[in-house]
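Listed after this line are the structures, all set down as structure tokens.
What follows is subunit A paired twice: with subunit B in the first complex and subunit C in the second.
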Partner chain A sequence: MKSIEVKNLTKKFGDFISVNDISFDVYKGEIFGFLGANGAGKSTTIKMLCGILEPTSGDALVSGFSIDKDPESVKKNIGYMSQKFSLYGDLTVNENLNFFGGIYGLEGSILEKRKDWALKISGLENKGNILTSTLSVGFKQRLALGAAVMHEPKIVFLDEPTGGVDPVSRRKFWDLIHEISDKGMTVFVTTHYLDEAEFCNRIILINAGKLIASGSPAELKEEFIESTVLEIVCDDTIAVTELLSDEDYSQNVSVFGNSIHLILKKKYSENSEELDVIKRSISEKTGRQDNVKINIILPSLEDVFLNLLEKRE
Partner chain B sequence: MKIIRLFINKEFRQFLRDPKMFVIVLIAPIIQLVFLGYAANRDLNYVNTAVYDMDKSGKSRELLRDMEGSGFFKFNDFTANYDDLEKALDDGRVLCGIVIPDDFEKNIMNRRTADIQIIFDGSDGNKASIASGYILNILNNFSSEITAEIQERSGLKRSLAGMIIPETRVWYNPNLTTRNFMLPSIVGLILIIITINMTSLAIVKEREVGTLEQLIVTPIKPYQMIVGKLVPFTILGFVSIILVLSVMRFWFGIEVKGSLTFLFVCSFVFMLSTLGLGLFVSTISRTQQQAMITSAFLVIMPMIFLSGFAFPIDSMPEAIQYLTYLIPLKYFITIIRGIVLKGLGFSELWKDLLTLFLMGAAILTVSSLRFRKKLE
Partner chain C sequence: MFTRIISISVKEFRQIFRDKRSLLIIFLLPVSLLALFGYAISIDVENIKLGVFDKDNSETSRKYLSSLDASSYFTITEHIRKDNDVNELLNNGKIYAAIVIPDNFEKEIQSDKNVKIQYIVDGVDASTAGIVQNYLLAATFQFNGKIVAEELSRKGLKSVSPLNAEMQFWYNKDLDSTLFFIPGLIAMILIIITVILTSISLVREKEFSTIEQIRISPVTSLQLILGKITPYLILSLIIAASILLMGGILFGVEVKGSYMDLFIGTVCYLLATLSMGVFISTIAESQQVAFQISQLISQLPTIILSGFIFPIESMPYFIQLLSNITPSKYFIIILRNILIKGTDLAVFIDQIYFLLIFAAIFIFISAIRIKREQMT
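Moving on, here comes the complex of A and B:
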């Protein structure tokens, strides 16, 4: 069942097109990842879906209600965690939860129960009386998530919920997102961390306001990378990358820490003659370096996206 | 209703945690009042005066005694020549110079016109004209005494019937102190600052911090937000009125002659306009700084200058006088002076109150619509 149906949504700021005629569907109960670099148009899209911004053209049905014609009904069915922390810094944790819970009509024992839950997931049990502005970024983000889903909306929109925290906290946050999803809520989450896409059921990728790919992580890998991917571990990754990018056989070369991912133009079987030729050519280039390893790997989503983005340019 | 209560509760909690707001609402009015109370005391307690008495006669001393006895003049300098007197004026040591010619008494005795010369430092025109008013008064009295004396001596015991002797009495503000006149209008000034400045700041702050966006996503209705935002500032407005009235009463001894309840009702009606203006400023400002500047320079300053608070409306160019009819503070000042100083009530002030109400309703409606539109 469709939870969100986006139809030709467009947003212009003056002459600048921030979101350019995008359409996609989100199904009930899934974790839907919305990927794109900074400035790609993720926040603009999410704000239109939540009724904060008016679309220039196009429409979307959120939980069955048109964002254009019936934004009030949309608001009753969603939760929103903005990219910028937006709980009241000068209220305590409890006061924030009371306020936002109250606005959504929670009261009495239900409010208490949901508050306890929100405090638990944000790791702030027994800390309800501290001022929200004094919390660290990680706590703030989990508290904001708690506040956004406290009223158990059908759909929850999270705009870059993991921005600016360390990998461990990001991991923990994704565990929470799965916990929320298990409760039956549809999660719409944006991120510019490509590796987080693997945690989603389905994803779309936008670039400069345009949708350029959509599908499940597995589908995307199959669909967009038909060729072999090699991982080359060596010391001087930068120099080798430069040398490799001019070769006939390479389609895309990118650096991942101390290794290089080389996407070839074709798919080769593992022990084929051609692949050996390529490997030898690579060895020549890395030549004098020690500890060089060349392996065939499964492409990651990052490979997919970098490949896709490169093709566009 | 529950949501509005929730909102108001939230506003007060935030207010109590914000020392800056606290100072602006509770401390600033008192300071402002005391400060203005003394600064606004533009009346002359006495006029510093230099005297060059060439005559040194009984009559000249009599005149000087009369002047000093009035309490308005203080003789700082008795100069021996004209140049010294001029110098005292030039240096600003004295505001007034009196020169009595050496034939003063002789002329009076011979029933001739006796001249004296009075020189004012006109750089503070206001002060000079008040001082000259005092002097004229004293001289009038002095000369009618002389006339009576001469007539008596010449046996002409004429009664003073037929002569017009003005006896001026200033009502409402018997000592004509500017302070009495100014202080009640400070209630208006402080309400403006609290309601326009604070309201717009509080709303723009939510936009700046991003909480407004969070609110828009919730099912809260714009009118609930507006009421939730405005009610706390209305209450704070009343708190500061009480504060101002108390300081006026217990520090400056100015009592409210009219009904306090009526004063509160009028203040509420006045706040409709100012809250509306605050709301309006919030819809045209992106940052708190912008809101601050907009409300101070585009709203509050013109209000103060055109309301008659700072300058009398009669002395403005005609075109600008018409403009003052658009200034809510003008009506409120009339009302508040009426209530505090004259003890007026509804039957005398209803026209101003009605105007104020209509203006407030219009401003608040337009601003609310604009606020709503901005949200959607």
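Moving on, here comes the complex of A and C:
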């Protein structure tokens, strides 16, 4: 069942086309990753899908309601949380939950039940009377998510929810996202972190307002990287990268910490002679550096996206 | 629908009461402003310091001077001996006016000649000088009458004064100017406090981007405005009551009309000022800017255009038209009617309507502006 149906959605600000004719579907209960660089049109798209920004043309059905014709019904069926964790620092945890429950029309025993649930998932049981400003960023983030889904929306939009959070908290937060998605909620999440994108059921990538790829992480890897990827561990990664990028066999070279990911132009079987030739060529480039290792690896999403984006440029 | 408005109001109340220090300021500031302005603003003229240069020093001249000294308006503080001293005393501000009585004062009066008494008045403050002028003229006129009467009776004639003006002052019997200023003061304090508080509280939500979360929720812009206004309406009604109480204790202000009328009038005024605050929040992007615009828009027109100090009737026609932009003008009329005259609602019903229209217009524009902000 489709939870969100985007059809030829376009938004222009004057001459600037922020979102350019994008179409995609999100299915019920999915964790849907929405990826793109800063200024690629992610926030504009989210604002349109939340019913607070009118599209220039095209439309989207969010939980069955048109964002163009019936944005008020859209608002009732969604939850939203951004990296700013819009909680009131001068109110306690309970008071914040009362407020966010209240503006979605929750009251009485239902409100109490949902509040207990929100406290539980954010790990703040028995801490309802703490001032929100004194919480750590990780707790604030989970509380903000709890507040955003208290009214049990069908879809929750998370706009770069893990910005500025340490890796442990990020991991806990993603556990929470999975928990919510298991309850049947559709999760629509934007992120910068490509390792997080691996947790999504499906992802789309937009660049300069245009959709350039979509599919599950595995599909994307298969579809866009048909050739072999080599990981080269060496000391002077920058110099070697420069040398390799001019070679006939290399399609894309990028640095990942102390290793280089080299995408070749073809797929080679592991022990083929051609691959050995290439490996020898690489060894020549790295010269007398110590600890050089060359391995075939499975491509990561980062490889996919860097490859895709560089092809466009 | 009401759950949403109440949630916003409750949240706002909690935030107001959480910050105890600001709360103290919210309550203490109005009361201390009232005391400060109440004592400072007064155009009653009393104990004007006079210097006298009595060149004649006769029985008649002394009688004339003591008649001035006896009134509460004047006190003779200096007796001048030299012409130069007049200059010096006025320059130093030791006296406000000097009276010079010529040397053959008594003789000339007795020989039925016209005598000139010279008054030199410090004219820097035109309005006080004008009042002093009137008092002195009246005192001289009275003394004239006495001399004429004596003169006539000496000649065996009876003096007649066919016209006699008998003055009664209604509403403000003692012509106490403080009582006249109190309504304007209440209006000014309330407008400043309410406009600043509402505009800042809404702009703060913008600054902390908590407004984003409200925009994405099903709360409409009208619900947001009503939810925001309600706590400040209640708070400022309490402030209004405390100002009135303080006015009663310090300046003897009493409510001559009905308390119900007073309540209705105050609520209508507060709705108008609060909606002004909401409107300002839709144009300001930071708390600082909101604060400055609020001060400018609330304070200045109230002092200059509302009839608080300067009577609107004596303004040029164009300025009279301009005076309609401030709700204070209407509230001052309402308050003067209730507090000083004790008239009932029917007399100032037009003012009530105006305040309500004012509030409705500002709420309407703000609601549209908030909605439009969502769209960009």
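Just so we're on the same page, the second predicted complex is superposed on the first by the 312 of 313 C-alpha atoms of A that agree within 3 Å, B and C clash if a C-alpha of one lies under 4 Å from a C-alpha of the other, contacts with A are read in each partner's own complex, and residues count from 1 in each chain.
Operating definition for what follows: contacts are C-beta pairs under 8 Å (C-beta built on N, C-alpha and C of every residue); 3 or more make two chains touch, one makes a residue touch a chain.
Keep in mind that what you see is a predicted model, and the values were worked out from it rather than measured.
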item	value
Subunit A as common anchor, with subunit B and subunit C clashing or fitting	clash
Touching partner for A:Ile31 - first (subunit B), second (subunit C), both, neither	neither
Which superposed partner A:Leu9 touches (first subunit B, second subunit C, both, neither)	neither
Which superposed partner A:Ala40 touches (first subunit B, second subunit C, both, neither)	neither
Overlapping contact positions on subunit A, where the subunit C interface meets the subunit B interface	50-52, 54, 72, 75-76, 78, 80, 82, 84, 86-91, 95, 98-100, 102-105
Residues of subunit A touching subunit C in the complex	50-54, 72, 75-76, 78, 80, 82, 84, 86-91, 95, 98-107, 148
Contacting residues of subunit B [partner subunit A, same complex]	2-3, 6, 10, 13-14, 17-18, 209-211, 213-220, 376
Residues of subunit A that touch subunit B when the two form their complex	47, 50-52, 54, 71-72, 75-76, 78-80, 82, 84-91, 95, 98-100, 102-105, 131
Contacting residues of subunit C [partner subunit A, same complex]	3-4, 6-8, 10-11, 14-15, 18-19, 208-210, 212-219, 374-376
